[in-house]
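Same chain, two partners: chain A is paired with chain B first, then with chain C.
On to the complex of A and B.
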């Protein structure tokens, strides 16, 4: 359908934004090599670490060695996608001032950043396939039933949105501070630890677990991963996925508020 | 004292004066980066603590031992970051032509590189020293005359090993200009593989960590010596742990020779 009015919503521009982001990302060959290279190195490392730990200690309940290696490998594969800051463009545009011209364009600006980020993520998602092939040389990955796999994918996508909105909120802070690199790196380490990317959150002491499972980071990595390795049984799917949906809604709301107030600041400064 | 030496001391004093003044000027930024350093090391130590509270032993090393292992690496690494971090910027200087200016000034090129003013403050070193004191007490390692004499030398040796590695990487930039991928992978190798006793790795990786990128001398060999661990992972005598200062001097010298070699062949990138 062809739009007749100038400001009517059309999807095509956003698809083009995403395509452009894919093309841009594919020019950074070095980054592709580093992410694949570092992935392989980390798969090797985690295999050695878990093997050494399981060799001399009793295995935790429900998590034999092959399950924990599967967990960590799938976590690293998810990290190829989830560890990207999909809204970096927002921060860049705030930094160099081009945000002002973004507002003049007949587009929905947040959606523009979303489609750009989606393009970036889709490009990196394609790296998952060579990464899986390479990791199969190093480790054995358990594959659950088709039903569990589908639930994992749903939960993974929800986790992606949780991560997207957390990044979006953080990048919105640049409306006020302009510089957020350190905060972003801090967030990366916090997500690694409290999101369950490094090891299952059930390894934390019980008292700490209660706090950590109440944070949004657990909805990024931990929920899909625990579904994948079977630590979360099917009878709890509705509950854990409900929590993920709730986080997406809350964080989307917070993003909207941050965006409204932030965008107003640009106008006040006169762009 | 020769006039060159006197001039270098003068430059070096100015360099630290500018660093401190810059830090004082951009106080928020400094605090943010300090927060990053704190969270970076804090999350690594926390991850070790959580995992080792579930699995009390890793090839005979418990959390107390691993805290000492980490603290020893942290000291050498922080010492390097405080005094030689600017070497990491060489590829960037080559790309933007800044390095050509260094070449025409009448002072040692490496010295000039190291004294490029930035926003350097010994915060990481202070953090490392505090954690080292804690880990020494916590691990119950025997603090005798040998410990007091050797540990500072080992830390300096560790910093020299770090220096050698970053100097070699910086030198490769004379030929390949963009070495981000290489730099990044080696850095990751160091940060993630030095956390664990090298005895958990396969023989090839052990040999690499001992003799190619000798990170094992930064912390594993000395820690194994002081903690009286019998297995050094490569069936070497325990006393190799005291060789770190020597290894540091040797590899730093070799790296400097390589640097001079690269410097003499450097053609510029055409600015």
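On to the complex of A and C.
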């Protein structure tokens, strides 16, 4: 007779999931080159656009040309990581039905998707270093003090979790619809525009800004970026980072609810 | 004590009632009317450890619904299940440690990575001790001939190679029970045989309990002594294959090659099944006439060159049960 051990939670499988995701991503070498290539092109284009715009218009307060170019370049660097849909695997597994075999394994299934996404993101985060080097040939990037840099990193990581949970919620919709590509497209536009990735949110009229700051997207790009370029002063750090933490908590809660209802649909309706 | 036991197992799927057409689709968005579809009802099955059972039924009979409940990913509407002493859906993860699954139509291997890496991942997931892992890997590589493609990415493997990989993957953690869902679908004869050998060996040497769901009844005939037949959600037969054969295999076919073309060929006590030139197929009930008597009857009237008797295969028998339903005293009239 075969002896089986009682199930207990171990971290090892989740570390392995992340490692396998890194290995998987590295098999798509062409992807790596295209993402670096398109990054370089976008840095160059944005430098051109901002230089042309600033030549004809007055700079907004506190955002001279070198600051806006720094803003855009750092935004593109962040985008290398934040623009990844790290929980796409959830949607894929719902779409092709492999979610059933995921549930047949002795694992915590949402944590599995989290680990896989983390591995994917870590792989792409490694691209940030060559991307910085390449962008230095094209533009000058302002570097703030070490304290600001640390606060930026904290805010960036919180922004990452905001993005992670937004993606997770979106991918959970596939529990009901199986297909989410239209919603994803909308999300990409909304993040580009209202997240502050394409341009600083101060360019929006005040009334629109109020609406934007009521949405979670600004917590992804805008907050860390404005900390970086010094638009948000240290006395407001507690407030803006507090808002980011609040968004993480709210979105994590919403993700949990979505997962619970979605997973129940699988166990009751058979996927 | 049985390793798997279900009692009055039932699963009802509920869906929103839909009228046809665009109007129906729109009203379905707001409708609160539901439609219940009984997928499985009153399934009582019990398996002893080490048994190999074929779980057979036409499409939509409730096979995979039952398997999903046994694996713990589907919660039954009513009734109870116990697998290796636990309730699967209440302790999904513990149950997952006890079982292995192979789906012919779906792989659990990492598509982009070499086969070996999927095995290493599974070792981590199931916490297989290193020496046990090495031992199993050596044995499976030998039986399934994996060595040649262990370092090939799974997406480049042939279906036969991938299935062999999937089998090794399912058995790596020494599960007590394995569920095999159409494991030989789409495979060539040689690959099928290799897979069947492997299942047989695992069952014999490790005492693994096997539930096999398939439409390929050759798998079942080769591997299982017992079959459970399910149709429209209920178990219609549970017992040895042999009994099914004796109960239902009442009709045989006599193939006769005629020495001359007899346009008006007919024989009392047997039905002409088909005729191709001088070769005729006669279906007869072995309870009303023996083969010997029938051959004598034919040779008395016609001159023949050859005869052969064909036993009904399990496929024919089961097809008949699907069509006519199962009853202990099967109808004698030919279909």
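Here is the rule we go by: the second predicted complex is superposed on the first by the 264 of 271 C-alpha atoms of A that agree within 3 Å, B and C clash if a C-alpha of one lies under 4 Å from a C-alpha of the other, contacts with A are read in each partner's own complex, and residues count from 1 in each chain.
By our rule, contacts are C-beta pairs under 8 Å (C-beta built on N, C-alpha and C of every residue); 3 or more make two chains touch, one makes a residue touch a chain.
This is a predicted model, so every value here is computed, not measured.
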Partner chain(s) touched by A:132 [first = chain B, second = chain C, both, neither]: neither
First, second, both or neither for A:179, with chain B first and chain C second: first
Chain B versus chain C as contact partner of A:246, first or second or both or neither: neither
Which superposed partner A:257 touches (first chain B, second chain C, both, neither): neither
Partner chain in contact with A:16 - chain B first, chain C second, else both or neither: second
Contacts of A:38 with chain B and chain C, given as first, second, both or neither: first
First, second, both or neither for A:193, with chain B first and chain C second: first
Intersection of chain A interface sets (partners chain B, chain C): none
Of chain A, residues touching chain C in the complex: 1-2, 4-7, 10, 12-13, 15-17, 20, 23-24, 27-28, 96-98, 100-101, 103-108, 266-270
Chain A-facing residues of chain C, complex: 13-15, 49, 65, 68, 71-75, 84, 89, 91-94, 96-99, 101, 103, 106, 108, 110, 112-113, 117, 120-121, 124-127, 153, 174-176, 206-208
Contacting residues of chain A [partner chain B, same complex]: 30-31, 33-34, 37-38, 41-42, 44-45, 48-49, 51-57, 60, 179, 182-183, 185-186, 189-190, 192-193, 198-199, 203-205
Contact set on chain B toward chain A in their complex: 29, 32-33, 35-36, 39-40, 43, 46-47, 50-51, 53-60, 178, 180-181, 184-185, 188-189, 192-193, 196, 200-202, 205
